[in-house]
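In what follows, structures are represented as structure tokens.
What follows is chain A paired twice: with chain B in the first complex and chain C in the second.
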Partner chain A sequence: MSEPLLQVRGLEKYFPIKKGVMRLTRGHVRAVDGVSFDVREGETFGLVGESGCGKSTTGRSILRLIEPTGGQIIFNGKDVRKLGRSEMRKMRRDMQIVFQDPYASLNPRYTVRQILEEPMIIHGLYGGSAERKKKVADLLETVGLSGSRMNRYPHEFSGGQRQRIGIARALAVNPRLIIADEPVSALDVSVQSQVLNLLDDLQKEFGIAYVFIAHDLSVVKHISDRIGVMYLGKIVELAPADGLYSKPLHPYTQALLSAVPVPDPEFKRERIILQGDLPSPSKPPTGCHFHPRCKDCMEICKTTAPEWKEVEPDRFVACHLYN
Partner chain B sequence: MSTLLEVSGVTTSFKTANGFLPAIEDVSFTIKKGETLGIVGESGCGKSVTSLSIMQLLTANGKIERGSIRFNGRELVGLKDNEMRKVRGNDIAMIFQEPMTSLNPVHKIGRQIGESLRIHKGYGKAQARAKAIELLKLVGIPRAEEIVDEYPHRLSGGMRQRVMIAIAMACNPQLLIADEPTTALDVTIQAQILDLMRKLKAELDMSIMLITHDLGVVAEMCDRVVVMYAGKVVEQGNVKDIFRNPSHPYTVGLLSSIPRLEGRQERLSSIPGNVPSLELMPAGCRFASRCPHATQRCVTEEPSLLPVSGEHDARCWLMDEKGVAV
Partner chain C sequence: MSQAMTPPSTKLTQTLAHPQGKVQSKFVRVLKAYPLVFVGGLMVLVLIFVAIFADKLAPFNPDYQFANGLAADGAPLAPNHTFIMGTDDLGRDVYSRLLYGARISLEVGVFASLISLFIGTSLGIISGYYGKWIDSLIMRITDIMLAFPFILFVVALVAVLKPSVDNIFLAIGVLGWASTARIVRAQVLAVKEFEYVQAARALGSRQWRILFRIVLPNIMAPVIVLTTLAIGNNMLLESTLSFLGIGVQPPTPSWGSMLAEGQQVFEYAPWLLYYPGLALLFSVLGFNLLGDGLRELFNPRRVR
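Moving on to the complex of A and B:
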């Protein structure tokens, strides 16, 4: 297989905790703590986990919207962390992001046309204004909105339509990778399915790769080819979407899957109810981060962090049960 | 089973720049003793307005225009404020979606749980505190003796929702209205809270009205379901009928647009378009503009709730014996 489009190796983002009058650093919040994965050309990589697990920080660190504190990000053969500001800006033409909140991520004072033209102007695409206007109309049609509405403002659109505008903005520069950070979690189910289908269509048409970040397992499973499950700043399991669902290996993945309510009143299953809450990422538990809530916890789990291992072809897990 | 709550023909309107507009219209349903009723629908369908109408917690620009709400046979609409206050928190309790904002940040947990006990049951300070500790243990909070003296910001989201439930449980209500109780929580925490609600319902023999947009939660928790769309009840029935034989095209669309964990779907089906706004409510069926089966009759004439089978009704001309071709 050819070189992956994006390679993330040991990505780290530690936020300092400052205390006292002198604002001295008294520890770190390890939001992302050694995350590694590949995204292949034209595939969807899902990143799933509960709030505070570091999935959004991972997404933003890849684009360097948050500056990572360690690790390597290789995009298209280039080490993204070594690029200067202007080079980074050029690189972002190929890597775009779609945000969660369709209400907050569009400038309310810009018309849709201005919003979609801005990235084209920054990257010097499509020559003159007439050409850009044509492209804006095309983009709106691509995401299922009427091109005639380009002179309207974001508030004139519904939530689902705004999310389409956010996607059109990401598409404006013909990216090869889109990081979609909870793109459908603010939407109602009937509208959510419209947007998921749109993302699917765009991938088929333009061969864009996605890093799809979400907390909803059913949504992630539906859209992704491969999925990484995050817990407290680390990926604990990585597997193809179908395999992850039919045979979850890590006890956390098992608990997470069993907690999802199934829309079928006659569906029966054994539910694993996790005790307690997510520990604070500033004071993660020793050994395996998941051990205090794990039903299969062994002595070794309390002291030694498990290794990240490929246990079956294309299936990775960090758990002592499989060592 | 006897009827605990009977809502019939309730229309609640809100004052807007264009005069009073109804957010819910002619809403009717019943909740039996010991039953969990689910109210499902997407944002803006009127499910929260329905619960606020029952509790009479509407904002100043809203009012119940028509209809009756009977609790244990007693009419609640038109009750004086101080009479209603005796019902609220005592006979009917409510928990809200946002555990972060529905607790008072400047009062200790114990005082917030004890408040309704002191008001409704005339408990003294020490007695209320002791009962608060007992309630915290009931909802599964560890170190209840310490937590009772903590402020809400010290607790996580799941713990705060447990405290909200403890407050609601304080006076042994006969009806618990839960408005999206787990929407703001992570799925593993949601599983804990739903489990707790099921356990309390069995132990304390109460009824639950569960408002949610999540059909998975409905399937898991509810005995009967009311589906709302654009301020109207469009379908109701017991949970198996709704999931096995959804009859209103909106319910059908909703059920088929959720991604499933099991199996592989190439493409999700989706409902085109959006919910009509309050100002531009169509004259006929409110779902007609998005409905794959809509006919001329649907555009001009609004269907009433028509029987599908037994206690299963749908507001759709497809259910009419004469059919839609008329």
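Moving on to the complex of A and C:
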């Protein structure tokens, strides 16, 4: 297999907790705590987990919108964290992001045309203004909007349409990787599937790889090739989508999947209810971070963190059950 | 039944096709929704017109002391055919002085506010966008500026600089930026967390581009409103200083100095207070109405 497009190795983002008059650092919130995964050319990597588990921080750290505190991000053979300012700017043509909130992610004072021209102007693409205008119209058509509406303002569009504009903006620089940070969570269910299908079509047409961040397992299953399950800043299980859903290994994944509603009233399934709350990422539990809520907790889990192991080809899990 | 059904559906189609009946420019729609903007704007225009053409509009030289401008007992003349707003205790025409006074008021109001706008916006942006120690430093200085009695500060500075029109607006402007800086900083803090700012970073925008093309336009609406209101306020402040005697020096006419001179004789010459007072009221009200209206005009969502 060829080199993966994106390799994340031991990514860490610790936010300092500052207290007192002197603003001294008293501990850290370990939002992302040693996350590693690969994204291959043209595939969709799903990243799921509860809110607060560090999914979004992971996504933004990869783009250095949040500066990571540790680890390596190798994109296209280059270590993103070591790039200088101008190299980073060039790199951004290949890595884009689609945000969760379609209302906050578009500048309310720009017309759609200005929003979509912005990336072209920044990177000096498509020479003159007439050429850019044509490209804007193309982009809008690509995401299923009429090019004739380019002179309108974002507030004149619906949530789903705004999200399409956000996607068009990401496409404007022809990226190879798009980090989709819960791109459909803020949308109505009927609009969700349209936007998901659009993302799917774009991938087929342009071969873009996605890191798809979501908390909705059915959404992730629909779109992902491989899925990483995050818990408290770590990836606990990583597997191809089909395998993960048919045979979840990690007890946390099992609990999550048992919560996905099945559209069959006759269907009875053992529902695993997680006990307790998500622990604070500033004071994570000893040993395996998941042990206080785990149904299969053993003695060793309380003292020793489990190793990240490939238990089957292409299936990784961090759990003592599989040692 | 079918007849009863037809009209509503037709009406609905029409409503959908033309939500506002006909297409109007945003300017017209704002005027219709907020008629007071129009009133405020008109008042400001009148003020500007008067200030520019004071020398053409004034019937007399504002500083000339008319021999026939005082009654036999030396008292000022009440409004009459020659002096339509009466004369002051030196026999000068109040109407002419009032028109010339508009120049001083407007000049001080506008220039002082522009200076404050520039200083306050620059400091506020630096403070809000870069944060850290520079933010703490700027905000502590702002706290000091706001805690200090403002008039006292201005009086002290004008006293050092020597009273003159230029020095008044310089002093007011240089000292009056604190509230602008606060508001700009708060706006920047709010706006920079928006995902469209993050998106601009993700697209590789340079910092100056993010600051001036994205953050600045999105914070200017409240700042422009504040500045418009500040013009009115600074006109009042100029009057206060002139009233206290450290503003515009005699014989130059200013509304504040006219009030100061008038208050000694107002028991038998009340018009000396009425007219400058009304002129001030008119100007400050005009700027305030305009400021309120601009806030609506700058809001892209409010008026559709």
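We adopt the following convention: the second predicted complex is superposed on the first by the 323 of 323 C-alpha atoms of A that agree within 3 Å, B and C clash if a C-alpha of one lies under 4 Å from a C-alpha of the other, contacts with A are read in each partner's own complex, and residues count from 1 in each chain.
One rule holds for everything that comes next: a residue touches a chain if its C-beta (ideal position, glycine included) is under 8 Å from a C-beta of that chain, and two chains touch if they have at least 3 such contacts.
Values in this document were obtained by computation on a predicted structure and should not be read as measured data.
Once the two complexes are overlaid through chain A, chain B and chain C fit side by side, free of any clash as defined at the top of the document.
By the touch criterion defined above, A:Arg169 reaches chain C but does not reach chain B.
In the superposition on chain A, the chain among chain B and chain C reaching more residues of chain A is B.
Contacts of A:Ser158 after superposition: chain B is touched, whereas chain C is not reached.
Contacts of A:Lys268 after superposition: neither chain B nor chain C is touched. After superposing the two complexes on chain A, the shortest C-alpha to C-alpha distance between chain B and chain C comes to 5 Å.
Chain A has no residue lying at the interface with chain B in one structure and with chain C in the other.
Partner chain B is touched in their complex by these residues of chain A: 50-51, 158, 160-161, 188-194, 196-197, 200, 215-219, 221-223, 242, 245, 255-267, 271, 273-274, 277-278.
By the touch rule above, chain C contacts chain A in their complex via residues 194-196, 198-206, 209, 214, 217-218, 300-301. Interface of chain B with chain A (complex): residues 42-43, 156, 158-159, 186-192, 194-195, 213-220, 239-240, 243, 253-255, 257-262, 264-265, 267-272, 274.
Those residues of chain A that touch chain C in the complex are listed here as 60, 63, 65, 88-90, 92-93, 95-97, 99-101, 104-109, 118-119, 122-123, 153, 155, 166, 169, 173.
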